[in-house]
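Across the two complexes that follow, subunit A remains constant while its partner is subunit B and subsequently subunit C.
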Partner chain A sequence: MLKRSLSLLLVCFIAATAMAQSRKEANLKAVFIYNFTRYIEWDSTSPGVNDFLIGIIGPSSVTTALMEIARTNRVGHKRIVIRRFDKPEDISTCHILFIPQNMPFSLASVLERTPKGVLTVGEANGFAKQGTAFNFIISRDKLKFEANLKSLFVAGLKVSSQLLKLAVIVD
Partner chain B sequence: MRSKTIVLLLCLCFAQSLKAQPADTTVSGLLKLSLEDLMNIRVVTASGYMQTTAEAPATITVITSEQIEDRGYEQLEDALRDVPGIDMIHINGYAPTLFYFRGMYGAENLRALLMIDGIVENNILGSNDLAGPAYSLHNVERIEIIWGPVSARYGANAFGGVINIISKKGADIDGLHLQQGIGSFNTLFEKVLVGVKKSRFEFAVGATLYSTDGPKFTNRDPLYSASAVDRAFSVTGLLSYDAKKSTTTFGYRAYKTPMGWGTYANSPTAYLHLPPQGNNNHGTIGVIQREFRGEHSGVHDPFLRTWFLQNEYHPTIKWNLLSRLVYRETGSGEDSYIYVTVDGRRLIRALIGTFSNRISGELIANYTHSDKHRFAAGLQVNQDNVEEGSRKATFDLSTVYLVDGRDTVVNLRSTFLPRQFDIRNNIGGYLQYSLHVKLLGKTSFTVAARYDDNSYFGDVISPRLAIVNQPTDKFTFKFQVGKAFRAPTNLEIYQTPPTGTFKLKYEKLLAYELNAIYSPSKRFRAQLNAFRNELNDVIVLGNLSSPLTPDKNPAIHRVTGVEGIFEREFSKNVSAFMNVTYQYAWGKNLVTGDGGKLPAIADIKANAGFRCMLEDLLTIHLGGNYVGDRPVQRSNPYGTVKSYFLTHLAISTKKLVKDRVTASVTVHNLFDTKWLDPGFRTADGLLYSTVMEQAGINGIFKIGIQL
Partner chain C sequence: MQVFTSLIVLGLCFGIFIITDIRSYKLRKENDLLSLAQLLGTSNISAIEFQDNEAANASLADLQHMSDDIVHATIADKNGKLFARYKKPGVQIGEIPPSLSRRKSLFTDNRFYVASNIVSGNEVIGRIYIESELSELALIRRNKIEIAGILLVAAIILSFLIAVVIQTYISRRLLNLVNTMQNVSSTGNYDQKIANSGKDEISILVKEFNHLLEEVKLNQQRKDEFIGIASHELKTPLTSVKGYTELLNMIEDKQPNKQYVQKVLQNVIKLEKLIQDLLDVSKIQSGQLELTMKEFDVDQLIDETINSVQMITGTHSITRETTSGNVTISGDRQRIEQVLTNLLSNAIKYSPGENKVSVSSSKTDKEVIIKIRDYGMGVAKDERQTIFERFYRAKGTSITISGFGLGLYICRDIIKRHKGNIWVEEEGEKGSAFYFSLPLEQNGRIH
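Moving on, here comes the complex of A and B:
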């Protein structure tokens, strides 16, 4: 009985730790995304200039954290608005498009419907090489991000060298 | 057994999870962290680190704006005091401080470049003034000190190091900031900073006004007032326009520091019928250091003005092109003068004035081919219109004036003669290539060389090699070797005996450096630097050994040293730093064969600081500087100057009253320690003092308002 209780406790603890880790990772990614805005300049003629739009394709645990940031923070003087796109066809103009790991669509279908001027941010191995501008990866237990310089250039985004210094550059 | 294993596992999990959790991983907690800090948070519970260790192929010390605030640094000298590798002589006027990088004594303030936003700020003529109270740090985003020879990049005079001040831009300032300070010695200053970024335009304007009576060294004269600074000011301005792929900036800055001559020379105690000032100094020859004839005892009034227009162009993410046009004017204002006596009976009022200007153009290209290959190239063209030494003036020793019925003074009606000048042209070009490979972890090789062709001293090639190895994320090892040169200044050129075609040679430096850095996280760094500087053809200001021969490049210097640096951030609220330097500086005059330890360079120095933040309201910084015994010139009868330890305290508030008001108190020399600096130049007690007295306890109270 004692063994079973301890085993159950261990399982619960591991599950709780994993959930906490997952939440922490989501919070971290959201805060990273918000920090990116300080180092990138978008063309001020982009539509939707009154708000700063962050789109997310499909469901993601990062959405909650981003909404929390949007409630109390701004990008410059712009209010942050979070938009969820259920499928690639729904993608409209935004400043940042977050592409979760578990989305049920091909990355190519998402990227080909993403307008110019949008910073695409992925979170799966290989996404940056396949064309997202930024991509979160875990390296040695910590969150890092890759940058695809070509994608950034094609998107027409001006990125501070300070930010690129921290990125893992992929071609 | 299995139960014990499970219990053990539970304990391990619990302990590990505690260890792995940063203090606050909520969104609001994480928002307080920088991107670098975020990258150091572990997202799974296991060992290992990821960090952004400095990969720069040089040894760089960075002083941030937060450190400037927390440590109560008001001017550049305050910040440099806590850095390892810089020796100082405080004249409390004139220069007003002499800085020596890594034991390279001599050539007062001429073996280091001071730059602001990448543009050289040193006096064009090569006089000794550097920094001073007008160089306030209120508009500074950070100070970067690049150690060692970097002539391969910057050309002449990037000898001991480069101090690059990065100023705050409009977006950093974002509003109007006012500071008012009041302190010991009737010190009073005002500082203004205004800046904003709006759409594609960004502007920043800063200004300061500073006055002080300065410390009183009454052993020289009970009425001593030669350390006064009278309305020193600075004005800086930047206006930028961001186009789609480029940023164009127009900038202006001006610094003017009318001040006394401090303890530059002895007090003429014989003339003043005062007891000798002590410390084996004579009182026959000297410079008056009290108010005289209703004016200051003397004024040294250096001014430096810079206008520039630059464009940073980013055609693609891989290319970065900088083009820049700069016009500068520097010199000593024509209101500069000094009262000097050479016989203890009559004072001579001598005028001092210089004016030089420079126009320069620069083109720099950086190309990142890939993560593996990086290239940089640059071309720089200067034309200097530089005064032929100090301006000549009329000299009348025959008309004697009586002052107060007793004091006799001559040359009161002196006027400047027409300015004589030389045109000096310099063209320099450099190339740099960096190769980054996965060898023994990560390794980069940087090779660079610069070619300079100068209309006075001819051509120079300055090569440089740096190898940076990071076997793991925690460790960095660097090896650097490079050559640098210091151009003879026009002041030095015109002090050489006039012997036809004789030309001064430039000073040469060959420097080696090894660095080992251990940094397991952004919050801890331990660094060991070992360096050796070999200087040849060292220029001597007054070649006492052989004044009748034109050999003014008679000396060699050898400096070998080790620096240990420790920085630790215990928590957001508590941090500390410590650095220790051991160096052996030796020199020899090859004309006379005399040699020995270089004066004014301590074998051992150490600096330490401890910062803690109380209740998110007050930041307290306690700092200390130890300078060991310092040898003196062979001509100096005083002997070794004893070691000292000074303590400084800075207390500052966080932003109060709706985040708009701050206040701070900074106390220097908290325990009122008596300390001396060695004299400079001949320091034989005749004209130049054997030692220089220094200020006791003093402080500043400052209040800041943000609108």
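Moving on, here comes the complex of A and C:
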């Protein structure tokens, strides 16, 4: 009885630690996404809205962290607004589109629906290769990001070399 | 002194020059390093924001190619935690001085630190520190001190040379002046003007000296003229006084009148002799003293003179010791007699309380030497030359013994005109001996 409860406690602890770690990672990703905005120039006419829009496909732990940032920060003079799209068909005009790891849709279907001028950010291995502009990876226990120059070019985004020098470039 | 002054001034100048130079070097270095720190900070903003310390390390590593002096650079995040660091290989790094968290630069003994905030937007996101060696500073310092040292030595040598040249120029002229002064005071010749040119202080001194000589010469001339005129004017009435007193002496028989007349006559003779001395001096000065050269017997003259002096003195007995054996010479008999009388009366005058004066004469191949010896106070060693000068009175005697101080001067002049010599020597324990020599051979004739 005692043994069982002890092992249960251990499982809970491990789960809690894992959760804490993933929350930390989610926070960092949110900060990175926010920091991207400093180094990328959007064609000011394209979204045609007064807010800075960040879209997220499906549920993600990053959403909460981004909401937190959105509450206290601005991009330039623009307020940050987080939008959640439940399926690819819902995707509308935004500045950044975050594509979480465990999204139930195919990446191609999402990218297909994504309009020009949107910075796509993924968080799964190989996403950048498949066409997202940026993609978070874990390299030697550190959060890094890949950049797909072609996608960036197609999207019509100007990225600062300061940012690109930190990115792992993929084709 | 000159050298010392220039040394101090130059030393100060070089000191300031070196300090200013080092300071400007430090300032330049500070500016350079601060710019570099700001540049590095800015280029690492993205690395900090994306927590990519590998990229930051890589960018700091580029410092190795930028400057050999930079030994260490550190980027800290906004919490002060180490974010990225560069170390020059093979260099030992100490801790960053804590005071750098507040200031932007710091000099220590051999290191120079700068620090700069890294700002993104309005937010300080980190701080960059750069540590640099000061190898150049030591080099600059050494170079500057070397240059200053060389210049200083050159300046010392130069100013020393200039000082030597100037001093020899000055002292040469001063020595010339001093020599002339000594010459003038020893010979009494006031015609030695110093050639003078230029307008500096020494020239003024020389000019004043020349002027002084002129004045002295003029005064001397006036005095001589005065002595000449005064003695002449005094002699004329005295001759008359003497004549009538002698007449009175002859016709007066009654006592005590005759005694009074004789006293007057004695003093008139004394006065006449003083005036005669003055007149002689005046003649000597103006070159009018002339000798009447005749042949005469020296020993006979000596005996006659002793007799006539002996008649006047009652205190001393004058003895004749040796004779030269009736030598005949050519000269002014009267003047030689004057010399003898003078020396004898001096001998008596300067040996009060004694009773003996001796005279001797001797003959060599060339001359006859006459010696008058007394047993009085003698003549001090340092006075043996000066007693023959005009108006010179032996020290300490001018109060007790009367006289003008002209006798020996006249004697010397007379003897000189006879091409002889006059001198004084110490003799025995007491007293002095005056010598004079007269040449036997004169005007090419042998006697």
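The working rule: the second predicted complex is superposed on the first by the 159 of 171 C-alpha atoms of A that agree within 3 Å, B and C clash if a C-alpha of one lies under 4 Å from a C-alpha of the other, contacts with A are read in each partner's own complex, and residues count from 1 in each chain.
Convention: contacts are C-beta pairs under 8 Å (C-beta built on N, C-alpha and C of every residue); 3 or more make two chains touch, one makes a residue touch a chain.
Quick caveat: nothing in here was measured; it's all calculated off a predicted structure.
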Clash or fit (per the criteria above) of subunit B with subunit C on subunit A: clash
Which superposed partner A:Lys165 touches (first subunit B, second subunit C, both, neither): both
Contacts of A:Ile69 with subunit B and subunit C, given as first, second, both or neither: first
First (subunit B), second (subunit C), both or neither touched by A:Phe32: both
Partner chain in contact with A:Ala108 - subunit B first, subunit C second, else both or neither: neither
Contacts of A:Glu41 with subunit B and subunit C, given as first, second, both or neither: first
Which of subunit B and subunit C A:Ile138 touches, first, second, both or neither: first
Which superposed partner A:Val154 touches (first subunit B, second subunit C, both, neither): neither
Broader residue contact with subunit A after superposition on the shared chain, subunit B or subunit C: B
Region of subunit B that runs into subunit C when the structures are aligned on their shared chain, from 7-15, 79-87 or 583-591: 79-87
Intersection of subunit A interface sets (partners subunit B, subunit C): 28, 32, 35, 39, 142-144, 163, 165-166
For the subunit B and subunit A complex, residues of the former touching the latter: 2-3, 6-7, 9-10, 13-14, 17, 25-28, 30-31, 33, 35-36, 38-50, 52, 199-200, 242, 244-245, 314, 316-318, 320, 370-371, 473
Partner subunit C, residues of subunit A touching it in the complex: 28, 32, 35, 38-39, 142-145, 160, 162-163, 165-166
Subunit B contact footprint on subunit A (complex, rising order): 2-3, 6-7, 9-10, 13-14, 17, 20-21, 23-25, 27-28, 30-32, 34-35, 39, 41, 43-44, 65, 68-69, 72-73, 138-144, 149-150, 152-153, 158-159, 161, 163-166, 169, 171
Residue ranges of subunit C touching subunit A (in the complex, touch as defined): 43, 45-47, 49-52, 55, 120-121
